[in-house]
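The first chain written gets the first letter, and so on, giving A, B, C, D, E, F, G and H; residue counts start at 1 in each chain.
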Amino acid sequence: MREILDAVAAGELTPAEAETALSGYATTGAGRFDAARERRSGVPEAVLGAGKTAAEIADLAATAVETTGRAIVTRIDGSEAGAVRRELAGLDTDASVRWSERSDWLVATASGFERPAVDASVGVVTAGTSDAVPAGEAAMMAREMGADVTRIDDVGVASLARTVDAVDRLRTHDVLVVAAGREGALPTVVAGLVDVPVVALPVSTGYGHGGDGEAALSGMLQSCTALSVVNIDAGFTAGTQAGLIARQVGAARGGK
Amino acid sequence: MREILDAVAAGELTPAEAETALSGYATTGAGRFDAARERRSGVPEAVLGAGKTAAEIADLAATAVETTGRAIVTRIDGSEAGAVRRELAGLDTDASVRWSERSDWLVATASGFERPAVDASVGVVTAGTSDAVPAGEAAMMAREMGADVTRIDDVGVASLARTVDAVDRLRTHDVLVVAAGREGALPTVVAGLVDVPVVALPVSTGYGHGGDGEAALSGMLQSCTALSVVNIDAGFTAGTQAGLIARQVGAARGGK
Amino acid sequence: MREILDAVAAGELTPAEAETALSGYATTGAGRFDAARERRSGVPEAVLGAGKTAAEIADLAATAVETTGRAIVTRIDGSEAGAVRRELAGLDTDASVRWSERSDWLVATASGFERPAVDASVGVVTAGTSDAVPAGEAAMMAREMGADVTRIDDVGVASLARTVDAVDRLRTHDVLVVAAGREGALPTVVAGLVDVPVVALPVSTGYGHGGDGEAALSGMLQSCTALSVVNIDAGFTAGTQAGLIARQVGAARGGK
Amino acid sequence: MREILDAVAAGELTPAEAETALSGYATTGAGRFDAARERRSGVPEAVLGAGKTAAEIADLAATAVETTGRAIVTRIDGSEAGAVRRELAGLDTDASVRWSERSDWLVATASGFERPAVDASVGVVTAGTSDAVPAGEAAMMAREMGADVTRIDDVGVASLARTVDAVDRLRTHDVLVVAAGREGALPTVVAGLVDVPVVALPVSTGYGHGGDGEAALSGMLQSCTALSVVNIDAGFTAGTQAGLIARQVGAARGGK
Amino acid sequence: MREILDAVAAGELTPAEAETALSGYATTGAGRFDAARERRSGVPEAVLGAGKTAAEIADLAATAVETTGRAIVTRIDGSEAGAVRRELAGLDTDASVRWSERSDWLVATASGFERPAVDASVGVVTAGTSDAVPAGEAAMMAREMGADVTRIDDVGVASLARTVDAVDRLRTHDVLVVAAGREGALPTVVAGLVDVPVVALPVSTGYGHGGDGEAALSGMLQSCTALSVVNIDAGFTAGTQAGLIARQVGAARGGK
Amino acid sequence: MREILDAVAAGELTPAEAETALSGYATTGAGRFDAARERRSGVPEAVLGAGKTAAEIADLAATAVETTGRAIVTRIDGSEAGAVRRELAGLDTDASVRWSERSDWLVATASGFERPAVDASVGVVTAGTSDAVPAGEAAMMAREMGADVTRIDDVGVASLARTVDAVDRLRTHDVLVVAAGREGALPTVVAGLVDVPVVALPVSTGYGHGGDGEAALSGMLQSCTALSVVNIDAGFTAGTQAGLIARQVGAARGGK
Amino acid sequence: MREILDAVAAGELTPAEAETALSGYATTGAGRFDAARERRSGVPEAVLGAGKTAAEIADLAATAVETTGRAIVTRIDGSEAGAVRRELAGLDTDASVRWSERSDWLVATASGFERPAVDASVGVVTAGTSDAVPAGEAAMMAREMGADVTRIDDVGVASLARTVDAVDRLRTHDVLVVAAGREGALPTVVAGLVDVPVVALPVSTGYGHGGDGEAALSGMLQSCTALSVVNIDAGFTAGTQAGLIARQVGAARGGK
Amino acid sequence: MREILDAVAAGELTPAEAETALSGYATTGAGRFDAARERRSGVPEAVLGAGKTAAEIADLAATAVETTGRAIVTRIDGSEAGAVRRELAGLDTDASVRWSERSDWLVATASGFERPAVDASVGVVTAGTSDAVPAGEAAMMAREMGADVTRIDDVGVASLARTVDAVDRLRTHDVLVVAAGREGALPTVVAGLVDVPVVALPVSTGYGHGGDGEAALSGMLQSCTALSVVNIDAGFTAGTQAGLIARQVGAARGGK
């Protein structure tokens, strides 16, 4: 602990970096950022944009970049993304910011930040455009955890020939995330066609009885193939689970 | 009304036939049998065996044969079927009785009874053996309403090649009943492959969250293809709906 | 495939028509349109207006008209319908656009488009004005699939004489769609009066316990007459199912 | 209080009658019997047979006869009814016992007991035999509270002509209890035909989604006519509510 | 029918009155008004304001006054009530309009309209201010059906002495409507204190588990006293049921 | 650790006592007993009898007596209690065993065991006999934790005078456990009459909608007085929570 | 009563104080304030700001200060708090007002008001910032009831070392309130570490299946440690329950 | 295909092996066995014993051994296991049969069968003895798929020190299955301590609200750590998912 404080005194560490090193948490006016999460559980901490003001998001994102070299924000719209850009521009002129208009996430990295590299591939499969936000979150998280990620879209079961045509592309990955709304049959069909782990991601489309993703969730839990499942719209969780699987595979490939 | 009573007096009508002609209902100690149902709504009345004693079932079945020439009983086991056989043997030595061990139904007909003939075909599709009771009920009802019925079994979505192989057989019918338990994806997949009406029949297999057929039901209601649905295990209803569609098609073929 | 590409080169096919012919899907900035759906499953593809911007709807509608000769849009309001009109006016000055203010659908057709003609009739029955949107969707879909469609309104069970008076009109159709909200008793009552297939359509009226259409749905699934059911407010599905039944009947009438 | 104790001393009151007069409750080894309930709320106390042994039922029934002149027992089978008969035979050789085989209730009265007489009529309406237990309980309770009770059976909505035929009989009562299972539409249809209060009684028939009476209950709560409702199978409550209404009407007729 | 048409020709009936007499329904651009409902079932028809525009409400209210002499509107706010006033002012300068700011109902009557008079009293009981809208609806409906209605407020069970103090006021009525939200215990407590019928009205207060009135509804259905229940916030239904009971009592008092 | 092992070698500790001292758990063929639970969290460990054979219960009870001087068993019937008695008789002829026939619990203590003494009182309140099992469990647990426990029965809200009469007895305790089934109103009424903490215990009586204790649970969670609640039938938890509160009060009285 | 009226006449009591003394309720245009609640049940009355206008809140708060010396308001935002300040400034220039921006409560006290002092401590534990509103309410209520309250934040189970580190701080209190959203595991983990009563407070965070606090609530009710639970977001109830426990402990310490 | 038939003719293949090679399914009187499942999806087919007779299980197990060299049966009791042993003894005197008394599974292998070997480890973690059946199923399936499986039991969160002590053992595996009933907190706590994928397995312990595993399931879906989840008691699915992950890791280790 003395070393950390000496480093602060010497200007080698910012106070934020020091707090993080000491406690694992960095505190800002907008809340706390669990900078030690990645070290502890292999999962980078992310900021949930929904329910926060643009200023709060920008503040937390800046803290994240400062303490870990990277900020991951989910459920963030264009104007909020702009606020993050402006905040970071003042801190690190070489920081880079990517924002996904379609999937509502933002990743900002300090200059010099190096994403981990994992020698394993993740496929993220969807039936249609309504799955874009959670599937996009899943793909982003797996990628930020270092995996090689591919999107395989428009594989809906209502047009089965299309699903069958995708078999070869489905079989080339170490793990698949398969998103589906409405009746949620796609993960079941895909898992019957491949021999790798499938993480099923129910999406909150649908209406009436079983709407809001409940039909998809219960169908995936009942699947007659072997799936594991995450909560409705939990793209972050699905991508993280796929990323952790990819890490184990990649470490094994690396000779560990 | 006078004619009916005269016929009774003349021995041309049994009292039971007369009551039925007058009121539509035949009353026995075991309950009432709606003998006019078929004339009114095109659907033969059936006796639900579950929850009745063997003697009550036999009594109602005898009344059904006596008033309409046929008894249809669902959810009936072997010993109850024996009681029906014995009861009918005393009434009409030429009556014929068929009992399905696998699907728990019984159909008894008076000598000389003629089943309506409908020039239309119904396919009843299942994924596996656990769908036998409701799918068997559906097939029996459509057949008793006069349709030409074919069973197409073992078309589960977990083994997609098998489903695709069945496409030609699926496409040859005027209407399909598709039964499925667990996640209930089969009717969605089948309806994407054919251009005829599909009646989806959820089956009460499954366990845990969404068990007892609830996941299958909500998935079928949410299907991204165009299905109509009946209640869980309602094979009687599914077969009747298919039978009514077949009747309309058959009548059209017949030149109506 | 070569033929298609030659036709494009020769200007005989637009690129959108060619893409559709090759892949079944036409892609626009606003999403994808499954132009092959009708050929595959007998059901014309439709655009769900809810949740899309006016520009996106107009874009997809234009693609639909361009690739299949017709655009069907559901859940679309007046200003969105205006956007579709303006977009199409630029493409095909002879295109015709019908918009239902009461049922929120729009059908646009290219000049020269011919709707299929099916020799069968569909009755769409409602209890009151609150069923207008889903019942209107059902009627439109059955009509676009070629059936002869009649609306039979104000047949509520709270005033039974009215229902009984409608019996003759109810009995003249090949298939009925019956919509009802609140307790959803109308399809049960109607199915007891006719001998043709009834597709029950629960509507999301009601409040408190069982509101949002859940009471109507569960009552229809429990009906003591033989109904098949679609999800709450699923007018599109009910109309499509009725349309498929009508197609089978019409084909039979046509001498098949 | 002194008077009561004097009466016990003088042998004019049994100790059980005295305890009841003093505390309202009579205690037996089998539990407590709230003898004052009728005086307090107009509703005779009843013993629920379900979940008790034959000996406990007989004990409580004897206490009820001893303290209030009458025992009402619901959900009691034939052998339990025999135990009550034997117990009472030892106490009061002139006691009379009625047991309903069909509706599982028993009413025993001391010699000399006079049931209250209420100048008002209650109709108890059912669709079929499966409503026998709760409808029978409702009829018995209203009768024991003094009303003139009539059963109107077989008025199911699946055969509407039958319902319409019953209109005149339905309209002659001061209050109706209408029982129905499955989709529970009968009370709605009846309430549209009469201008007296209707108490709707959902019955736990049905299966699958909305089974166990839940569809009937939610349909009755959503009814587009004006019903009040009791819990599933709560025949006791429905009959009591009808009895209380009849008491008010009868008292008004009596010139109160 | 000829008489009606003659009367129209003679100017003795408006066309709207004639349509109503002939069909029971009066049609306006805003929908239909069931003018025959009161004659048929003893319950005056009412217009539900929620979900309609001010112009539609005013239109239907005017039709109601024109055909039946009275308009009853529920769930109507101040500006909508203003629109009704203006519409009616143009039709009948002597029409009177009452609007309840607290309970969101409006009653308009034509000059010369006479409300039925029923010689029976209804008590409407509440625990607190949050029950104002449904309790106010219930009181209004019972009053419009002719009963003598009294409000008994602030009788919450959390302060039991207050409930006990109200006993004498509770006991003077022929029927009680008791409204309660949250845990809904008040109707149970009141029904234990009186010997007249109690109609329980659950109110959609509360939050978290069992919120939106579901805890109150299920508690009232489970009550260990004898209640009948209406749906959550169904003040209209509760008041109507109480009004029908009062009508029977009043008719009996009147010497029927 | 050495000391413990030495004590075993010297015969001063049994092996079971030694294992418990070392690991906190004692292992038997029938499962594990967490002997350290009381030291860690103030709550004595108990054995749930339901789902275990008589031999398993006897085995675990013997281990409990051996390691902690006392065995607490819940949901145990008479013949299982006999098995425990026989098992313990062989171990410690002076052990004492109490079994509650009404509430299905058993407490066995080694000779010389001294129950903790807590200077605080707990009242356990019920409405009727159907609450006996969970209320008895609660009373037993609070007593075994050392509190002075009093039962206050027959305080049902359907007979309010009775509840009001009990006020003085209710007010003399430091904490109350109030059990209720059906609509579960009693804890709300009681908490409005006293100024001490009330722990509400819902009981799984009731039937139909909200049965199995769900209505009682949701009513208690919605209570307009300040209650804390435990799960349905969780008498063990309610008594433990009351016991922990009593411990804090007793410790304070003891001069802490 | 005469004394009170004399005191009003003499100007020694305001009319509001007199009404409160006489009836326990003070009535304002905005509703009623139960001034006697604290005397009756030990719990100060509070005003729920949600659903009221700023003027109504200010009116009720002024009445509360006038009749009991203190106003407690929950779910109140900054501008509403300003309205209260302005209202009170006109009544009592020495009144003090505290508003919590983070937890949305306001406490106003008359000059000279003395909060009760209770010699007992309450710990309020949270996992993170999303629990701020209900946890803040709980802390405020316990403090206003006189307890010594400490907040212990950031003790989430996802970072277990942090929880373990907090053990010593958790163990120093007489009672703990533990708030948690999502899966709600924190109260279970904390209760395994301490030997004082834990009141579990589920928070309405989370999404998808089990969202809105339902997963947290059901997990706390199922906890394998001994918790009592309040409804979702019921910080007021949790704090009150903790306050009542603290009062009993404090009274015991005080030598009662 | 000719080759297969030649081999049958030559006695090199049994008819059952030939049918399997041709169709993937082997049919017996007791049902069908999907012998091709392992080749297609990497998951060995298993027989669910529950709901089958001992004779049916033995028949299917014999077919499985004959066609794939191994039979895996779940939910099988001791007497059924005996039937399997006797059946196999007649077929292959060197077949070996293992039956788990505690977890109700059976694995039978033909002499010479070699289980796949996967160079990866799976940890199966439980809180207590009530998780034995599903956790045992999970461990068995992962082992049969070739993984190196370790059980880590008694890690309940109610005794947190125990969980913390297990950290080192938890961290040595490539993937963990964590089973828990009641509130289901263990997977959340474990996932916060390790950096490998965790598959959460809810178990149907618990009672009252959220019982039957629903509280555990919803808590795991809401977990604030990154879990994937399977259905309640789906030990087969959890073990299979872990086995598929281990296969990918093992293949990577093997130099793929």
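As a working rule, a residue touches a chain if its C-beta (ideal position, glycine included) is under 8 Å from a C-beta of that chain, and two chains touch if they have at least 3 such contacts.
Owing to the predicted nature of the structure, the values given are computational and were not obtained by experimental measurement.
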Labels of chains that are neighbours to chain B and to chain C: A, D
Most distant chain from chain F, judged by the mean position of its C-alpha atoms: C
Furthest chain, CA centroid comparison against chain B: G
Recurring contact interface, reference C-D, options D-F, B-C or A-B [over half identical by residue number]: A-B
Numbering shared by both copies at the chain G-chain E contact, with half separating same from different: different
Centroid spacing, where centroids are CA-atom means, of chain A and chain F in whole angstrom: 47
Geometric centre distance via CA averages, chain F-chain B, whole Å: 55
Separation of mean Cα positions, chain G and chain A [Å, integer]: 39
Rounded Å distance between chain F and chain G, as computed from the means of their C-alpha atoms: 30
Contacts with 2+ other chains: residues of chain F: 40-41, 158-159, 191-193, 208-210, 214, 217, 221-222, 225, 231, 234
Touch relationships between chains, expressed as pairs: A-B, A-C, A-G, A-H, B-C, B-D, B-H, C-D, C-E, D-E, D-F, E-F, E-G, F-G, F-H, G-H
Chain G contact footprint on chain H (complex, rising order): 127, 156-160, 163-164, 182-185, 188-189, 191-193, 206, 208-211, 214-225
Chain B-touching residues of chain C, taken from the complex the two chains share: 40-43, 120, 174-175, 191-197, 199, 217, 221-222, 225-231, 234, 236-238, 240-241, 244-245, 247-250, 252-253, 256
Interfacial residue positions of chain C with respect to chain A in the complex: 24-25, 31-32, 34, 36-37, 40-41, 202, 204, 213-214, 217, 231-234
Contact set on chain B toward chain H in their complex: 128-129, 154, 158-159, 162, 207-210
